[in-house]
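Both of the next two complexes hold chain A, though its partner changes from chain B to chain C.
Up next, the complex of A and B:
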């Protein structure tokens, strides 16, 4: 079992002259290593073989200080409750790094992101294509570089298009998107099919990329960001607000009142209940089982009203700020809360019993989107997607935050390896969430809910935090800066790693299962959908409307 | 197995019956703490500008047209209804109302504009609101606060300093536009 000390000593021994310095921060939970860039790949490989799980890479422009571009790879040791950050840098005029993607496939997007946004180059990257920037964005302008203004709008260009991956021989391409019900946001999947069987897929997304990170590091101040963070995701708003507040509090050394920790926990669990019920309904809808859809959303509505009562809004609660929470829970609200969650527990059980034995549901979900445990670990998937495939990770237990260290709860893990497992994990987590809310209300201490601090936040502090969102784990990394705003703020939403695992999940499944497989990682759903089928051999294009694909999906 | 599941599902649907609300034909009351459209009470506002400082969406504009006249402009078209302005207001002049049906085809409907008459402190030279704080000085003035700007004759002292351009600028205030490359 590795400990933070043992990892540090072993790496220091092996790469004596390549490690410039190491720092252990935040109560021995985060190890920061400064390394020379030549050894990035072997060190990352060593960390992975010690049992580390890749989280995200953070690139930042440090040009005005040291003339370099910084790159930080982050790893989490879940069973041992610590994180390792590998910091390296390259001169800004020639930012070439070794790619770690050949060994850690999940790093692919992070690295492509910095090719786009910072102009870094990665030698050995298997697919150095454009990821984030629009197809007509001019070459050579890298928006996260400090000299690029936040509101730059280059002129649009015509006749530019993303070059899809080569289609495997004998297959046809079915483009899904950019608007489609089973997609989280406008995104484009090109699915390669042989008959009805999916043989591969290419993804082009980030069409709603708005540059929030740039905005928050150049325009707004620390206090305004929780409200922007909350709007990163419509479903897990509190998660991002909590994660952001938490990571800034960590970096600045602010200790928030204990009561605020408990209220944050309650808000996060309320959000989990509503998200799981929402997803259950959507999953039912995607497989043509609208009874579940209607009933799950009926049950969910009580949580929305409860949240409205507590915070003043159904969603985007606006509760969580740096230093605590904005509104207190009165005893009457606590009573309401307990009544509602008891009701939800009862009604969820009814739904659970009604679908647990339904062979129609089994037929549509069992064995669909199958992945082995090794694949999940290799792709660093998170959340219910991983827990349905026998990977026991949960940031609430492994890296306790808010008041989770005092809560007793189980982490449901099943080994069906498919979408059915995801359904089970999500339902079981509703019961756990109810359990946590009850404990939190019972144990909640008195006192203030907001800590007011007046000292400026010290610059150039690095910190990372994980928060378990309903659909997986959100990671926030912050480098504090001057002028009361962060120097760099990196958000990794749970869909970011999970979407990269989708091609593996789709492989050799039926095309009609596409919606439920993509839906099983829980991206959001837009209602305008249109699927274009291009027959590669004849070059003819035909358009399938929403009704037809849905019918196709439901008929099965 | 299949049949028992189906029976359970039928019961699941029958038991709650119809739960859909009749909204919008019947209004749905909102809870006590609801964060609807914010409203400024101009009787209470002292023009300190704290709301503008704390607005996370930066949608409140404060502009001094002259020493005595301060315009506060709230543009709801990008307000996020976080309610921070109401929390921060020292005079409790801002309340989050229960209004939430705000859709409109005219942006002006969503704009609130306050014209506050300020006085200058004889000691420090900074301006302060007179309506709430200084009843004696109010006596020698008529028609403050509710005046429109054309009747600015009522403003003492600095009529000659009054900045027409500034007034026009604040009247024509628009959101910042994008920078072309």
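Up next, the complex of A and C:
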């Protein structure tokens, strides 16, 4: 059993002079290491072999202070309840790092992201292709660099196109997307098929990247970001708002009222029930079983009504802010809440029984999208995708936040290793969410729901937090800054790691199973792309008529 | 009079096929706790499509002709069959081989149109259509062959009436079961809507079609599904025969409606199968159909 201290001591001993500083933060839950960049790869490997799970890398432009670009790899020790951040830096004019992707495949996208956004270079990266920036974005402009203004519109590069991976011999390419009925948001998969059997795929996404992270670190202040964070995703909005608020509270040392913790827990679980039912419906639709789709969404509708009663909105609740929550739960609302969840529990059981006994559903989901436990661990997959493959991780239990430390609940883990397992896990989690809501209502203490803080938040504090979103774990990393806004804020939505595992899940499956395999991770491309749809410059959304749109599209 | 039977046949099918389609949509909607579209929606759809433009990526002749061939072939099949147990004018000029041939022709023209559009999804749909055709047509053929064996004639009216001529023996019961099990595949409904599979290959063979050409394909599919339901009524429910032609037709239409209820319920309670799973299922069906034919040879 590694502990934070033992890891710290072992690494300090082994890499004496290469570790410039090691610091234990936030009550022994986070270890921050400052290392020389030559030893990034061995140290990361050592952390993985100790049992760490790769989370995300955070690149950060520190040019104005130290003339360097910082890179922080983060790891989680789930069974032992702590996290490790490994920071290194390279001069801004020659930012070359060793790639850790050959050993930790999930770091692939993070590193590609900083090739695009910060102009870093990674030696030994197996696929250093463009990931985030549009194909016609000119070379040499890296938007996350501080000297690049947030609203820069450079002239488009001409005659450029994304080069797809080489198609294996004997295969043909089936283009799925950018618009395809099995994808609910724009993304492009080039699926290489031999007859109907999938032999590989290449992914080109980030088509809706709008640069929220840049926006929130240059234009708005701490208090406004929770609402923007909530709009990262239409389904797990509260997750991102909670994660952001939590990480800022952590860095600033703000203690929020206990009642607010409970209300956050309730909102997160309402959202979880909503998301699971929504996904169950979508999964039914993807295997051509629309009755499951319609029935699951009928049940889900009650959650929407409930949310509207509590927050005023069917979705995108706008409840969570730094320091607590915006609205209190009255006793009447609590009664309503309990009634609705009891009803949902009952109706979910009916659907559960129907699906569990339906051999046709088993035919389409069992053995589909199979991965071994080792593959899941190697690819650092999260959420129901991992729990369906016997990987027992859940941030609510492993890294308790809000009021989860007081809640008693099970983390459903199954070992069917396939899409069927994901279906099971997500249905079982609905029951657990109901259980949590009941406990939270019962145990909820009185008192205020918002702590109003007036002291400035100290700059240059690093903090990381995990929140278990319905589709997996969301990670937020923040470096606090001056001028009442974060210096760097990194969001890693659950789709970010899971989407990277999709090619492995697709391998040697039938093309007919493509929709449900991609659907099984519940991909949220907008989370991954971090979209913002409201025009922040004018502060209002403008509506473009169809005639005008036609004119605009003809102009180009 | 015989010409009249034929004309009534064709008009009845043309007029009612969209209605039965609307019925399917309504029943599925009810199972799914939805309101569903109006019963007459398929008529509106057809009218709407007929009033639209034909879009064609590269107007090759095969692409344009395919919907017409499909539509023409299914209409001819309908002209041949003895709905209301009255053989039409053309009955004497064709036999069950012609019927099977014309039905296959519909499938072939779907494939032809799909392949000539050069669309990736369309060609995947075409290859699925081909597999389905090869695996499902034998079941239909063997149904008719049992009748032909019993009456020793390939005549359409004779072999259709001949199946239950000797009462419901084991071979007939088995064949009836096989026919019902193959029904969803005949009409390309879930779990066997594999050729179109909207969510995977975006309506497969029909992806490039629009306007009147697409309307013809849609009409073809509706007619085809009504034909298979009607064939069930003609082949396996001879008790519907009365002395009055009009009454017989009404009873048979009621049976067709019942078959459509069955189709809707099966379609709404099953996910779509994969083509490899479907092929295994079809193989079992063919084997059972062969057994039925074998039994009928021995008069069982």
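As a working rule, the second predicted complex is superposed on the first by the 520 of 556 C-alpha atoms of A that agree within 3 Å, B and C clash if a C-alpha of one lies under 4 Å from a C-alpha of the other, contacts with A are read in each partner's own complex, and residues count from 1 in each chain.
Here, contacts are C-beta pairs under 8 Å (C-beta built on N, C-alpha and C of every residue); 3 or more make two chains touch, one makes a residue touch a chain.
Owing to the predicted nature of the structure, the values given are computational and were not obtained by experimental measurement.
Within the superposed three-chain model, A:95 lies out of touch with both chain B and chain C [touch as defined at top]. In the superposed model, A:298 lies in contact with both chain B and chain C. Once the two complexes are laid over each other on the shared chain, residue contacts for A:350 go to chain B alone; chain C is not touched. In the superposition on chain A, no contact is made by A:108 with either chain B or chain C.
Of the two partner chains placed by superposition, A:472 touches none, neither chain B nor chain C. More residues of chain A lie in touch with B than with the remaining chain of the pair chain B and chain C. Once the two complexes are overlaid on the shared chain, A:286 sits against chain C while remaining clear of chain B. In the superposition on chain A, A:481 contacts neither chain B nor chain C.
Of the two partner chains, chain B and chain C are each touched by A:360.
Of the two partner chains placed by superposition, only chain B is touched by A:224; chain C is not. In the superposition on chain A, the residues of chain A touched by chain B in one structure and by chain C in the other are 291, 294-295, 298, 360. Residue ranges of chain B in contact with chain A, taken from their complex: 1-2, 4-6, 8-9, 11-13, 16, 19, 30-35, 54, 56-58, 80-84, 87, 96, 176, 178-181.
Interface residues of chain A facing chain B in the complex, by the touch rule stated above, are 138, 141, 149, 151-155, 220, 223-224, 227-228, 231, 291, 294-295, 298, 301, 305, 308-313, 316, 318, 326-327, 350-351, 353-360. The touching residues of chain A, when paired with chain C in their complex, are 172-175, 180-182, 196, 284-295, 298, 360-361, 363-364, 510-515.
Chain contact summary for the complex, chain C toward chain A: residues 28, 31-34, 120-121, 124, 190-191, 193-194, 197-202, 268-277.
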